[in-house]
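One chain, chain A, links the two complexes that follow: it is found with chain B in the first and with chain C in the second.
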Partner chain A sequence: MKKLIFLCLAIGLFCIASVASRGAAADASAADVKIGLMAPLTGSYAAEGEDMRRAVELLAEELNKAGGINGRQVQIIVQDDGSDARTSAMAARRLSTQGVCAVIGTYGSAVTEASQNIYHRSNILQVATGSTSIRLSEKGFKLFFRTCPRDDDQGKVIVNTLLGMGFKNIAILHDNSAYAVGLAEEARDGLNKAGGMNIVAYDALTPGERDYSAMVTRLRGTSPEVILFTGYYPEAAMLLRQMRATGWNVPMLGGDATNNADLVKIGGAAAVAGYYFVSPPMPGDLDSRVAKDFIQAYRSKYNGDMPRSIWAVNAGDAFNVIVEAIRNVGDDSAKMAGYLHASLKEFESLTGPISFDAKGDRVGDLYRLYKVNDSGEFVLQPRQ
Partner chain B sequence: MIRRAAHQLRRYRARSVLGPERYVFLAEWRNPPRSGPSGLGLSVGLSLALVTMLLTLPSVLGLYWTDLVNDMMIYAVLALSLNVILGHCGLFHMGHAAFYAVGAYTTAILATRFDVPILLTLPLAGALAGLFALLVARPIIHLRGDYLLVVTIGIVEIVNIALKSNIFGLTGGANGLLILNPISIFGHEIVSPVDFYYFILLILAVTILLFYLAQNSRFGRALNYIKQDELAAESTGVNTAHYKLAAFVLGAVWAGMLGTVFAAKIETVSPGSFSYAQSVLLFAIVILGGPGSITGVLLGAFLIISLPEIFRDLQNYRMLVFGAAMVAMMIFRPQGLMPPGRRRYKVGQFLGRFPAGAALRRNKQLEGADPTALTDPADLPSLADLANGEGKGR
Partner chain C sequence: MLEQLTNGLAIGGIYALVALGYTMVYGVLKLINFAHGDLFTLGAYLGMTLLVSFGLAGYLPPLAALLVMLLMVMGLVAVSGYLLERVAYRPLRRSDRLAAVVSALGASIFLQNAIMLFYGPNYETYPDLLSVTASLTLFGVSIPVMRLVMFLASVLLMLVLYLFINRTRTGTAIRAVAADQGAARLMGIDVNRIIALVFMIGPALGGAAGVLLGLYYGNISFNMGTMYGLKAFIAAIIGGIGNIPGAMLGGLLLGVLEALGAAYISPVWKDAIAFLVLILILIFRPTGLLGERVAEKI
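Up next, the complex of A and B:
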């Protein structure tokens, strides 16, 4: 008897919930343009997902106040991808049954990958916002775009920065992690191809150690004019500290894994001062007028909070390009994709001008050069 | 049901000499139960209806709900495989995602690097996961309760970190591997949720059948015995280390094979899918549904996987609702929603086969006395005999 009651309760709960969910999905009028947002609202990147949702909802609200797209209101349908491949596939299935013409998202590369095939087969345009894995745009999906850079873009930007600095001898150091090795190889190959720079050392350190003085001495023996370290911030900080302690003031450059406030805490402001790193700009450093207006509106709407990272602002970019495409060619996914591939050029959006190449990757450098100043602040350097 | 049975049958409730669990023996030598044709007809009709319903379900549900049912079935099979270890043998194992991961990655690596057809990798994934379980479980098999729990959490973490750091350059790091070729059965490619529905339904049906048979076999009884009282089991000659290890390997083989199905369905494997949280989810399905009970585990999988999806449109609150539902269930049903029923045996089958049973029959013949008057548990076959596989279950 007890079993029966519980079974009935469980089934009842199921029924109520499914009715509730149908009701929630049915309240949009047919004239609305529906855009899906797939974001990690739960799981390990919930904070990023929340910022993505806030950014997109803010922009949609502003757009609807201004009259929508050619008189049609925009409705955002948010689904949680749970920072997890399986949940993301379910979110994609759900969105593809909810009549969206395009989907924004999502953050993690593996999570995006699990949803890609589903959108591809359901003929829905997808604009990813934080998924930097190279593979995503190499599958030949015509409806896939992204407003974030690819993993190999950073290496190119590092090479250009180094070439622009005018040094002759360089030492490259990584920490054997997949990320750091990839970046180091990218930079090495790029420099070799460009010519004019001499790689005097190519070595790896063991992350997590306290003493890198042996490595510092060895590097010093090869007398480089600049050091490229592709690893993470704790090792970068320790390296800088031990270099400066021995009075060696060689310039050092790193990747976006060193963009962390703890770099200064570990290394000390005096040692870290003058360190360069390449990173996507932080939301507060965006300098275009569109971006400044957006950040101001964001702060006034959400109690003075800033978007935590650039990836949430990229979700705003994705929204803007989708709206621009619908405004010009309507909400047919193939036409929208054609427009984004061919006609959208230097579209002024939050993180700078946006164009897409034939694979749907964003053209142009999102990465910017930062320098640590004497008081330990990260200062955005002007574009060269 | 039981009350009705009590009218027909004499019921013995005997406390086992060795174990704390009470076992009910239905003595039926006086009034053998009759299975009426009407009852049989009803059950045939019911099962036909159930089969028809299961076969036509995807056309009713649509792609999204079908895919949800697919996920539910995958987790049901995974939880059933964990149920062998956790439910039947009582080993607190919270690292099941590790075996699942070994299977999924075996498939992904073989399919992407060596172009092996996915279906062929299914047994290989199971075998490798089983071998992996054998290697890691052998040194820790003597650990009890929470100590084992901590070690198994360690195992799943180690596997996860190894996958993330692109071990041997095979696993593709945090982004994982992409599977390009779908499962193909006689030239028919399994791609859409509906294809997967029938494929996974078949696997689920086979799993339920095999695990049902295993549960009522000598193996299943030995696992239950270890769960109830390991010392008693060992003292009556059950090789506990051997059986515990066998439970681990069986559960892992199944989880490994499901890894193949998962990899083929999601088309990409990445470390995030095999996190500690996944292990906890599987653990929760078994504990919530009723450890040791197949129907309980099926219900648990249904609830744990479907609730967060059903509440999907509540957005941020969905996990809150889900969590509250779980807390409520654990407060009101700490033994699980559908705990396994007591094992039932027909005493008549045992008569004459054991000294105790022989004594019983002798008593009956010599004294002409009512055998139900004998209430001394020592006269009945003990749990030890059953676990040793001397008696026939059911």
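Up next, the complex of A and C:
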């Protein structure tokens, strides 16, 4: 008898639970579209991640105020990737159990790479925002897109810029990260193919250190006329500072990962002056109507702060294309991907018109040349 | 070659200053103070606060500001070191050695996160007291002025410590406690006071090293204590842990070996070289370069 009562109770509880959970699930699908954001909120690139979060949350707030997507509100679920591949895999696993239809992110190529398989298996659309390594889109993942350009676009612009500068001897330096190696190889192969330039050194440093004086002395021994550093801004700043400190004023050119206001903060304006880098245009240099409105809204929401770099704005782009896809074909990931591949053409977003090719890469050349002036401002150079 | 030597000596001076804190504490307590690297970070941050928030550089000429700041930071970090000893180590003095080590690790994590919460997770930058781009040319090698200042300051601090330990009564008391706590107590030395003193001197030097590092590289981060602490710990072992001149020698040697390794082998192998040196020394001279072979106490 006791057993019977227990059984009845158990069955009763089970029924209530299943009804309750079904109710909750039905509620969510009617009301909210969940979009994940995977960003480096801690770790080396925490500042970038914070800006990505701000940009996406601002756009989501504006969208929800204007009525959401076809009447459905958008909910952003943020996970920290810790600027680190292992943490990113965990973040991806967490997001894929939280019912998101698409994920925005992330910044570092190696970090994005660690999450790709997980989103692919969970059938979630991924739009990376700052990961420019070529191989990310060469794996045949149909649900992978990015709103940033890839390294070979950047490599081409770097090669052309270097050839235009008219130097003979060049030293190339990377930091062994997927991103920096990709860019360094691209530049090396491009220069070799073009001919006329001599690569006197091709070397790597360890990121995250402070002392690169040994590296600087070593490079100086090979007497290059220009240095190409393909790594990130903290190391670029330390390199410049330690070069200038020993009175070595060789010109240095970098990639877009050095496009960050902290470059000047870390290195000091005196040391960083004269440094060149190629990069997509910066938030303040964007001139389209949408971009200007976005920047204005961003500054008024976040006490006058500008997004530190273009990558946060690219996160905003990613949000916009995902929303556009959901608006047109609903939140089924395969349909969204189909729409982004085939139907989205010249979509007006923050960093300019967006279209994707068959691999999910953004079409069109975004890169421009910048030079740091004596007061530490990044000045856009006219197109060559 | 000469230039690589100056590169190595500059960072070696920092390693040596931090290593002194490890070695002194080990000398009197046979305890590795794992929180020492974070006291070093604390010093760097306090120095930045004094310069930026209190505008120390605004009132005084650069070198005087540097000196005043250095002394203030040393005082503040010394107090922190004292508090650390009272809170984290003294209550465990009579318990198992392992308990003290765990407490040290806990203190390290606590300090590191406290600094992160207070100052934030980003790089913080030092104002430039001296021109970043100024350099002197000695023997055909151009040496940044800041590097020279850093090296001279660390050598000066080590010299003062050396004289203090060897020429004063308190210094003699410290050596006595390190040699044999029980006997020192019988001779009328207040062992608790000496231990507290050691926990002030070591961190004061570490804090000074933090300030010098901040000034030289221009930026600091909340988690830098881990790596510099580890390197300094290696330096202390290379020199023979517990031995004060050994820590100085070990620090400078490690800095130079790293610089030469980076120059002639590969910059990427810098850390590997440091650890390789450590392993070799542990194999061939387990007590370190200047360490004495002491019979295990019964």
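Just so we're on the same page, the second predicted complex is superposed on the first by the 214 of 384 C-alpha atoms of A that agree within 3 Å, B and C clash if a C-alpha of one lies under 4 Å from a C-alpha of the other, contacts with A are read in each partner's own complex, and residues count from 1 in each chain.
Throughout what follows, a residue touches a chain if its C-beta (ideal position, glycine included) is under 8 Å from a C-beta of that chain, and two chains touch if they have at least 3 such contacts.
Computed from a prediction, not measured in an experiment: that's the story for all the values here.
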| item | value |
| --- | --- |
| Touched partner set for A:A245, first chain B, second chain C, both or neither | second |
| First (chain B), second (chain C), both or neither touched by A:G268 | second |
| First, second, both or neither for A:T42, with chain B first and chain C second | both |
| Which superposed partner A:P234 touches (first chain B, second chain C, both, neither) | second |
| Touched partner set for A:S133, first chain B, second chain C, both or neither | first |
| First (chain B), second (chain C), both or neither touched by A:M215 | second |
| Which of chain B and chain C A:V78 touches, first, second, both or neither | first |
| Partner chain in contact with A:R93 - chain B first, chain C second, else both or neither | first |
| First (chain B), second (chain C), both or neither touched by A:T206 | second |
| Intersection of chain A interface sets (partners chain B, chain C) | 42 |
| Chain C partner contacts - residues on chain A that touch it in the complex | 42, 46-47, 176, 203-206, 209-215, 217-218, 234, 237-238, 241-242, 244-248, 262, 265-268, 270-271 |
| Sites on chain C touched by chain A in the complex | 3-4, 7-8, 10-11, 121-123, 125, 128, 131-135, 142-144, 146-147, 213, 217-219, 224, 227, 258-260, 262-263, 266-268, 270-271 |
| Residues of chain A defined as touching chain B within the complex | 3, 6-7, 10, 13-14, 17-18, 20-21, 24-25, 41-42, 78-80, 83-87, 89-91, 93-94, 96-97, 108-111, 113-114, 117, 133, 135, 177-179 |
| In the complex, chain B residues that touch chain A | 62-64, 67-68, 71, 165-166, 173-176, 178, 193, 262, 266-268, 270-273, 275, 299, 303, 306-316, 318-319, 325, 333, 337-338 |
